[in-house]
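The next part holds the structures, each set out as C-alpha cells.
Same chain, two partners: chain A is paired with chain B first, then with chain C.
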Partner chain A sequence: MILFIQQILNGLTLGSIYSLVALGLTLVYGIMHIPNFAHGAFYMMGGFVAYSLMTKAGVPYWPAILCAAAVSAVIAMVSERLVFRALENALPLHHMIAAIGILLFLEALAHAIWGAEFHRMPTPYTGSVTLAGLSLPTQRILIIVSAFVLMVALNLFLRKTLLGTAILAMAQNREGAFLMGIDANKISLLTFAIAGALAAVAAALFAPINLIYPTMGELVIMKAFVIIILGGMGSISGAIVGGLIIGMAEALAGFYVSSDYKDLIAFAVLVLILALRPEGLFTKGMR
Partner chain B sequence: MMNKFSLLGKGGASLFFLLCLFFPLLANNQYQVALMTNIFILALATLGLNLITGYTGQLNLAHGSFMAIGAYTVALLMVKGGWPFWPALLVAVLFTGMLGALLGTVALRLKDHYFAIFTMSLGVIILLILEKWDSLTEGHNGIFGIEPPEGFGLIDFHQILPQYYLALVMLLIGLLVMWRITLSLLGRTFIAIRNSEPLAQAIGINTMRAKLLSFTLSTCYGGLAGGLYSGIVRFVDPSLANIAFTFDMITFMLVGGIGLLFGPIVGCVLLMWLVQSLQFLQEYRMLIFGPILIILVIYFPHGLMGYLHLRRMRRLTRQPSSNATATTKV
Partner chain C sequence: MLQLDAVTVRYGNFTAIDRVDISLTHGEITVLLGANGAGKTTLFKTLSGLLRPVSGTIIFDGRDITRSKPTEIVRLGLVHCPEGRKLFPALSVEKNLLLGAYVHARDKAGVQRALEEVYSLFPILRDKAQDEAGSLSGGQQQMVAIGRALMARPRLLLLDEPSLGLAPLVVKQMFEVIARINASGTTVLLAEQNAYGALKIAHKAYILEQGRIILQGDPQKLLADDRVRRAYIGI
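Up next, the complex of A and B:
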C-alpha cells in the first residue's frame, strides 16, 4: 500500500511537470496553430539557466527559477518575432521545420555554453515530510504544489483579466477577435512568453530530481505532444488532465510492469486510444 | 502542378547524372566517395518520404523508424540467420512494406497533426523496442559485422567504388519508379488528396485506399534504403529510428523542394555537403545550420527546385507563344 501511494505521488509529480509543458504547447497551438517543436528547447534553456544561476552565481532557488522563466520567455518571444511571424501564411510543415531549426540552434547553443555532460541541479529542499507513516520527498511535494498554484494562477489570468480573455478569444475565433480590436501580434508574443516561462519553471522544478543536458527537452516535448493530442489540441483543461493521466500511467506502469519500457507508455497509450477512437479522448467533433 | 519529371529541364537532369557517374574520378579522396554513397542512400529514403508527405500531404514522422526496420531486418537475417544479402534485402523491403500497410491502416484514419503525432509515437515505440530488446537487437551497441552484398563476377562490394555505384543504381531505379508513379493516374490521385481530401473524395477517389498505397510504397522505399544501408555501412544501431533522423529527411525534402521529383535528392546532396563543410566547427555546426534552415524556410518556402521552377514559369509566361506547350512539358 505504501509503495502504491508512493507511485501515485511519483505519478502526480511527473504529471504536474508534463501538464506545465503541455499547457504552453497547447496555448501556442490554440493561438497560432503551430506544432512548436522548439518548445522542448525553451524547457531545456530554462533548466540550464536556473542551474547556472544557482551553481555559478549563487542565486537562491526561487529567484533562479524566476530568472529562468524570464530568460525562456524572452527566447520564446524572440522566436515568435523573428521566425514564426515571418511564416504567418506558410504551411504547417514550414512552421515545423522552422521550429526544428530553433531547436537545433538552442541545443547547439546549450552544448557550446554548458557542454554535453549531464548536470544535477542542487535544491535546498532535500529532506522529506513524514505523513501518516509515509515519507514524502519535499521536492516532489513542492513540484506538485507549485504546478497546482501556477495552473490556478494561469486559469485566473485567462478568465479574469482583459489580456487573458483576449488570448482565449483569439484561440476561439481569430477573425472575431480581430474584429473586436485585439492586436494579434501582441497576443501571440504574450502567449509565447507565457509558454516559454511555464516550460522553464517546469524544467527548473523537475531538474533536482532529474538531470540537465542539452537534449533533455526532446522526450518531454514529444510526450507533451501526445498529451495535447489526447486532451484535444488547444484545450487547456485537456492539457492538465492529459498530463496527469500520462504521468500516472508512466509511474504505475514503470513500477508494476517494467521500468525499461516506462518511456514507451505515453506513446503506447496514444497509439491505443487513437486506434480505438480516431477522434481523440475529449475532442468536440474536431480532428 | 509542379509534379513533372525535370524542373531543371532534361539538360539539368542529365548533367546531374553525368556528375554522379564521374564523381569518383573528381573526388579528392575515398572519404568523399563514401560520403556520396551515404548521401544516395539517404536520398533514396527521402524519396519515399516525399511520396507520402510531399505528394500525398500526410506528414509521416516515423519514416526513419521504417528505414531502421529495413536495416535491422537485413542485419539480423545476415548476422544471426546467416542469410546472403540479396534475399535479406528483398525480405527487408517486403517486411517493411507489410508493417507499413498494417500500421498505415490504423494511422491513416487520422488527419493532419493527429496523423503526424500518431506516426511520431509509432516511431518512438519502434526506437524504444530496438533499444530495449537486447536479446534480439543488441540494444544501444547495435549490430556489427554485417557482410557486404555478394558480388557478381568481378564486382566485389568490399570496395568503396562498387558500393558507390550500387547505391547510385539503386537511387536511379528508385527515381525511375517514382517518376512513373507520379506521372500515372495514381500519382495524380495522391496530389488530388494533398490539395484537398474532401474534394478528392467528392470526385470518387477512394482516399483511404490511395493513401494506404502511398504510405506502403513510401515505407518500401524506407525498407530498401535501410537494407542497403546495412549492406554498405555494415553496422546498424537504433539511432536510425531516432526522430532527429526523420527531421533530417524532412529538411532535405523541404530545402530541395517538397512534392517535386528531384527535390529530395537536391536537398540531400546540398545539405549533406553543407553540414560536411561546416564540420570544422564540430559540435557547434548546428549554431550555423539551425539559422540557415530557418532562413531557407522563410525565403525559399518551395525549396530550391521549387524556386527554379517558379522562375522558369515566370519566364515562360512572358513569352505567350511558347507557354501552352512548354508549361505542360517541363
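Up next, the complex of A and C:
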C-alpha cells in the first residue's frame, strides 16, 4: 500500500510537470494553430538558465527559477516575432517546419554554450517529510504545490482579467476578436511569453530530480503533444487532466510493469484513448 | 461620413469588389442589398480592416483608413457586427459584451454605462448575462452580437445580415431595434438580402451585384423598381 501511494505521488509529480508544459503548448495552439515543437526548447533553455545561475553565479533557487522563466519568455516572444509572425499567411506545414527548426537551433545553441554533458541541478530542498509512515521528498511536494499554484493563477488570469479573456476570445473566434479591436500581435506575443515562462518553470522545478542536457526537451514535448491531443487540442482543462493521466500512467506502469517501457506508456495511452474517443477527452476549443 | 472611392478588392485573380463608390451621410441608415456572393461581406471586411483593397480609398470622417488596422478602425468609431455573429461561444454573454468595449477598457464608468444601455435595449440579455453565449437562441445571439458592437461605441455601425437565419417575427424586431439604434444618433450601414424590411427603414440604398454597384438611390423608388422587386422581393 505504501509503495502504491509512493507511486501515486511520483505520478502526481510527473503529471504536474507535464501539465505545465502542455498548458503552454495548448494555449499557443489554441490562438495561433501552431504545433509549436520549439516549446521543448523553451523548456530546455529554462532548465539550463536556472542551472547556470545557481551553479555559476550563486543565485538562490527561487530567483533562478524566476530568471529562467523570464529568459524563456523572451526567447518565446522573439521566435513569435521573428519566425511565426513572418509565416502568418503561410501553409500550416511551414509553421511545423519552422517550429522544429527553432527547436534544433536552440538545442545546438545550448550544446555550444553548455556542452553535451548531463548536469544535475542542485536544490535547497533535499530532505523529505514523513507523514503517516510515508516518506515524501520535499522537492516532489514542491513541484506539485508550485504547479497547482501556477495553474490556479493562470486560470484566474484567463477568467478574471480583460487581457486573459481576450486570449480566450481570440481562441474561440479569431475574426470576432479582431473586429472588437483586440490586437492580434499583442495577444500572440503575450501567449508565447506565458507559454515560455511556464515551460521554464516546469524544467527548473523538475531538474533537481532529473537531469539537464541539450535534448532534454524532445521527449517532454512529444509527451506534451500526446497530452494535448488526448485532452483536446486547445483545451486548457484537457491539458491539465491529460498531463495527470500520462504522469500517473507512467509512474504506475514504470513501477508495476517495467521502467524500461515507461516512455512508451504515454503513446500507448494515446492510442487507447483515441480509439475510444477520437475527439479527445474534452471538447475542442479553449474554454 | 464614410466615402468609398473606386474601391477594388481581389482574392488572387478574382475581383470580389470592383471600383465601388459609396457615400454615407451622418445620421442615416444606408442599406446595401445584394444576393449571396455579391460581395457585401467582402466590402464590410475591407471597411473594418480585415481585408486590404488593391486600389481605391476609404475615407472615414475625413481620415484615410484604407490601410488602417482593425484595432485602429474600431478606435475611430467604425464598428463591424459580422455576418454569422462571430461570438465567443464558451464565454458568458456579459464577457462577450465587455470584450466589445475592449478598446475603451480604461474608461470603467463608460463601459458600465454602455452595458446598462445594451441591457435596456435587449432586456433578455440581462437575464442571460451569465449564460454561455453559444447556448442562446439564434435571435438572442444576434442581440449579443449587436450589443457587443454597440459596446465599442460606434459612430458608424456596420451590420452584416443581422436577419440571417432568424424567424420572421424576430426579423421584424431586429429591424425595429436597428431603427432605434439609428434614432439615438448612430449612423448605420446595413447589408441585407431581406430587401423589404431593410428598405422600409433605410434613408438610402445601394444594390451590389457581382462586386459592382448597379443601382442606388431612394429606398421608396427602389421598392417600386421592377428589377428590384423581381430580384430581391420576389413579387
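Assume the second predicted complex is superposed on the first by the 282 of 287 C-alpha atoms of A that agree within 3 Å, B and C clash if a C-alpha of one lies under 4 Å from a C-alpha of the other, contacts with A are read in each partner's own complex, and residues count from 1 in each chain.
We take it that a residue touches a chain if its C-beta (ideal position, glycine included) is under 8 Å from a C-beta of that chain, and two chains touch if they have at least 3 such contacts.
This one's a predicted model, so the numbers in the text were calculated from it and none came from an experiment.
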If touched residues of chain A are counted for chain B and for chain C, the larger one: B
First (chain B), second (chain C), both or neither touched by A:2: neither
Partner chain in contact with A:166 - chain B first, chain C second, else both or neither: second
Partner chain(s) touched by A:183 [first = chain B, second = chain C, both, neither]: second
First (chain B), second (chain C), both or neither touched by A:153: neither
Which superposed partner A:134 touches (first chain B, second chain C, both, neither): neither
Touched partner set for A:108, first chain B, second chain C, both or neither: first
First (chain B), second (chain C), both or neither touched by A:278: first
Shared chain A contacts, counted only where both chain B and chain C touch the same residue: 287
Chain A contact footprint on chain B (complex, rising order): 53, 59, 106, 109-114, 116-118, 120-122, 124-125, 128-129, 132, 243-244, 247, 250-251, 254, 258, 283-287, 289-294, 297-298, 301
Parts of chain A lying in touch with chain C, wherever the complex brings them together: 162, 165-166, 168-169, 172-173, 175-183, 285-287
Residue numbers on chain A that touch chain B, as the complex places them: 35, 83, 86-87, 90-94, 96-98, 100-109, 111-112, 116, 218, 222, 225-226, 229, 233, 260-261, 263-264, 266-268, 270-271, 274-275, 278, 280, 287
Touching residues (chain side chain C, partner chain A) in the complex: 48-50, 70-71, 73-75, 79-82, 85-91, 95, 98-100, 102-103, 105, 148-149, 152
